[in-house]
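Please read through the structure below; I'll follow up with questions.
Labels A, B and C are assigned to the chains in the order they are written; within every chain, residues are numbered from 1.
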Amino acid sequence: MRQVQLLVNASHFKGKHFISMRDYNREELDFILDTADQMVELEKQGSDLCKSKVLASMFFEPSTRTRLSFETAMFRLGGNVTTVADPKTSSAAKGETLEDTIKTIQNYADIIAMRHPDNDAALRAAKVAMVPYINGGSGSWEHPTQTMLDLHCIRYAKGGMDGLTIGMVGDLKHGRTVHSLLLALRHYDVKVKLIAPEQLKMKPDVIEGTEGKIEIEEVTDLKKTLPELDLIYMTRVQKERFPDPADYDKVKNSYILDKALLSKGKRDVVVMHPLPRVNEIATDIDPLPNAWYFRQVKHGIYARMAIMGLALGVL
Amino acid sequence: MRQVQLLVNASHFKGKHFISMRDYNREELDFILDTADQMVELEKQGSDLCKSKVLASMFFEPSTRTRLSFETAMFRLGGNVTTVADPKTSSAAKGETLEDTIKTIQNYADIIAMRHPDNDAALRAAKVAMVPYINGGSGSWEHPTQTMLDLHCIRYAKGGMDGLTIGMVGDLKHGRTVHSLLLALRHYDVKVKLIAPEQLKMKPDVIEGTEGKIEIEEVTDLKKTLPELDLIYMTRVQKERFPDPADYDKVKNSYILDKALLSKGKRDVVVMHPLPRVNEIATDIDPLPNAWYFRQVKHGIYARMAIMGLALGVL
Amino acid sequence: MRQVQLLVNASHFKGKHFISMRDYNREELDFILDTADQMVELEKQGSDLCKSKVLASMFFEPSTRTRLSFETAMFRLGGNVTTVADPKTSSAAKGETLEDTIKTIQNYADIIAMRHPDNDAALRAAKVAMVPYINGGSGSWEHPTQTMLDLHCIRYAKGGMDGLTIGMVGDLKHGRTVHSLLLALRHYDVKVKLIAPEQLKMKPDVIEGTEGKIEIEEVTDLKKTLPELDLIYMTRVQKERFPDPADYDKVKNSYILDKALLSKGKRDVVVMHPLPRVNEIATDIDPLPNAWYFRQVKHGIYARMAIMGLALGVL
């Protein structure tokens, strides 16, 4: 049997932070996704791989979904979790810097997952952390573990990444999930349609971050673009993002996906959403096979088991 | 040896929700209580029965007691717990519906225990939940796991249920614990005295829910009724429940149990309370053998181990 | 081999509360510290010593550091943790007394660690608790587990306690950490300099608590005293502690330690701090070998593993 020299293997990720989609190439992403595949079975059985290990689950912004996903992922690996879920009960409220918080917390944990309202929080934390630091959402900058779950879900829903035309819809300016997702997609053979109101267009630095590797088209009309899409990644357009409420009123209905609108798309178009949704996906889509947004959640467990397990060197 | 065909066995509860005392017959209640008996020993030893399993402990209303009771019950079964203890830090605060929350959370957990301020929360959640959903208090509607612990404690304190005269005292209108308890008692050979001020009388639909199976008497005078009781189930009369504060002032002292008043009752009358108490049971009762309200707490662990263990199919 | 009769052994601590530094003699402190030494290795490996056991981690005041330290210590011992991190979500918010809270919580846990804003909370709780109660900070009265970690860190940093000249700096009136530390130091052959503004001098009852066993000098000038010190224990001077803000302005810069000031001290002077710091230690000290305040944190795990493991009788 011929031995292929692997450029990427598990030890490549051991002890490393997980901060930004800017840091990974295709081989690395695929390796993590393949590892997440192996987590599907492990998630059902449970394991002792992280026995006695401790995750510090630090959420300095309200979150249910991402926090619980990290915590359950650690439990399925056999580890323990200590949680900060409320910014007001933390040392940060006493005036401690993020750097001091990290230097302290790393004494309590083998790995840290943190959400923080500041855009530069993940980069600052990673600079001082001596245990693996996993970015669980850093202001409106990036949310890279969400992207790993998104990619893993896309592979399940569509059988692979290459050849897809992917539409990202809604608030592409402030949405950290779409920032990280677009950056990751640069490594795949995909076309991307960025569908947003003028006021909420994708941040230029994220588009630059794709290094011209993929075809990106920026449009404002979801209805017109929909028929071309293999996958729709919805996010919410929030009223409070518009300086002039009249501008919001003009666009608000254009970025709502319902069954009638969806019927204009491809029969097997996949609908995803980072959740929570409010009304941007009508509930009449929920029973359709196109609706992947709740199944998508489960892939968060697989992806985060892979990311944490690799960082801890147990996979 | 003759084999008796069992109508109820453990598999009867596997994968099922636990929502309302309206749903259970005597055989089912007794089976759960007998299972709770077996948990007394298991609670001391601990176990690996729920190894790698995860309870989502979701408390969208303030709670210490019930939440910690569920969590410790899961730990004694060998499982893990991921917690939401603060409504403000949750996705619900971002405008997510309860149904979407459940559809998400069930990806993170093998079983959900939830407290929610809405009366219909448990029924709505149970409709969509694909993992066992345990009602940990649903508005002022029901609190059925509290009832299982109450029944289990009564069996310990009095040696059984049948033949007892049970007084429920205080706010019977808003108290979800007394609603669930009264519904459960319909299956036993007991007499019930409902002792409450006019403004806080038991809700008619709960009395109807007992299907005329037990003798129920509604009275307002605790002092007069006390001598007949084998068991007093106290709850608090809250000032804010009275539209006219003058009405509260008239009744407030009538629903306070102290040593002097208790001495008018049977020598072995049992005093229970779902806790927390404020002043409705005077502390001079605490040292008496009649005081069961703190010992009662322990039965919450046994009852919830049984309920969750059966729902998860590990008992 | 001659057997020495031990005055103190592990069983001495089994089932006991841990409330105040007033309660321990040198043999006892040293035994706990020696036990903490053994935890250094155990912390890395993890253990099953507390399998199925539950710590109730009850923080009725904001805290990250102490809470997470207790929780991780329990995880490293193999146990579980149920947490109250937010006073507002607790039964206390419903008007329950501390005594009732304890009588309830002890049904859910094998051991309780609690922080409470009241000075007398630990003593009151210990009176009713039937499981070991560990004082995790009781108003401005005492914080004895912090002292065990401080002592353990001092032994590591200086190789032992005896012969040291120790300066405590800052708010010595309200700081519970310095109260407990000073009380503990009475058993060692040390000199103590209490360096504080007039308004924030050490509480007389704490000085009395040292029973005249050690040489204590109260001064106001950090700069002048610094050269004599082997160890500086910094705490923060908070503006809100001064009735007259002008008084604060007068002293605020006198109690800030920076590299320039530190250079006036002994070459190997050790700088400690209970954290979080705000600006009372300048960050230019962080990279110096004198800076022990972040390494100090780790000793909290060792000390709390020892304290809880001894109380639970597993060590």
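We take it that a residue touches a chain if its C-beta (ideal position, glycine included) is under 8 Å from a C-beta of that chain, and two chains touch if they have at least 3 such contacts.
The structure displayed is predicted, hence computed values, not measured ones.
To fit its Cα atoms onto chain C, chain A must turn through 120 degrees, a value rounded to the nearest 5.
Residues touching across the chain A and chain B pair largely diverge in numbering: under half of the numbers involved belong to both copies.
Centre-to-centre separation of chain A and chain B, using mean CA positions: 40 Å. Residue positions of chain B touching 2 or more other chains, listed in rising order: 83, 85-86. The touching residues of chain C, counted against chain B in their complex, run 51-54, 56, 80, 82-86, 88-96, 100-101, 103-105, 107-109. Interface residues of chain A, counted against chain B in their complex, comprise 45-47, 59, 62-65, 67-69, 71-72, 75-76, 78, 81, 83, 85-86, 275-278, 294, 297-298, 300-301.
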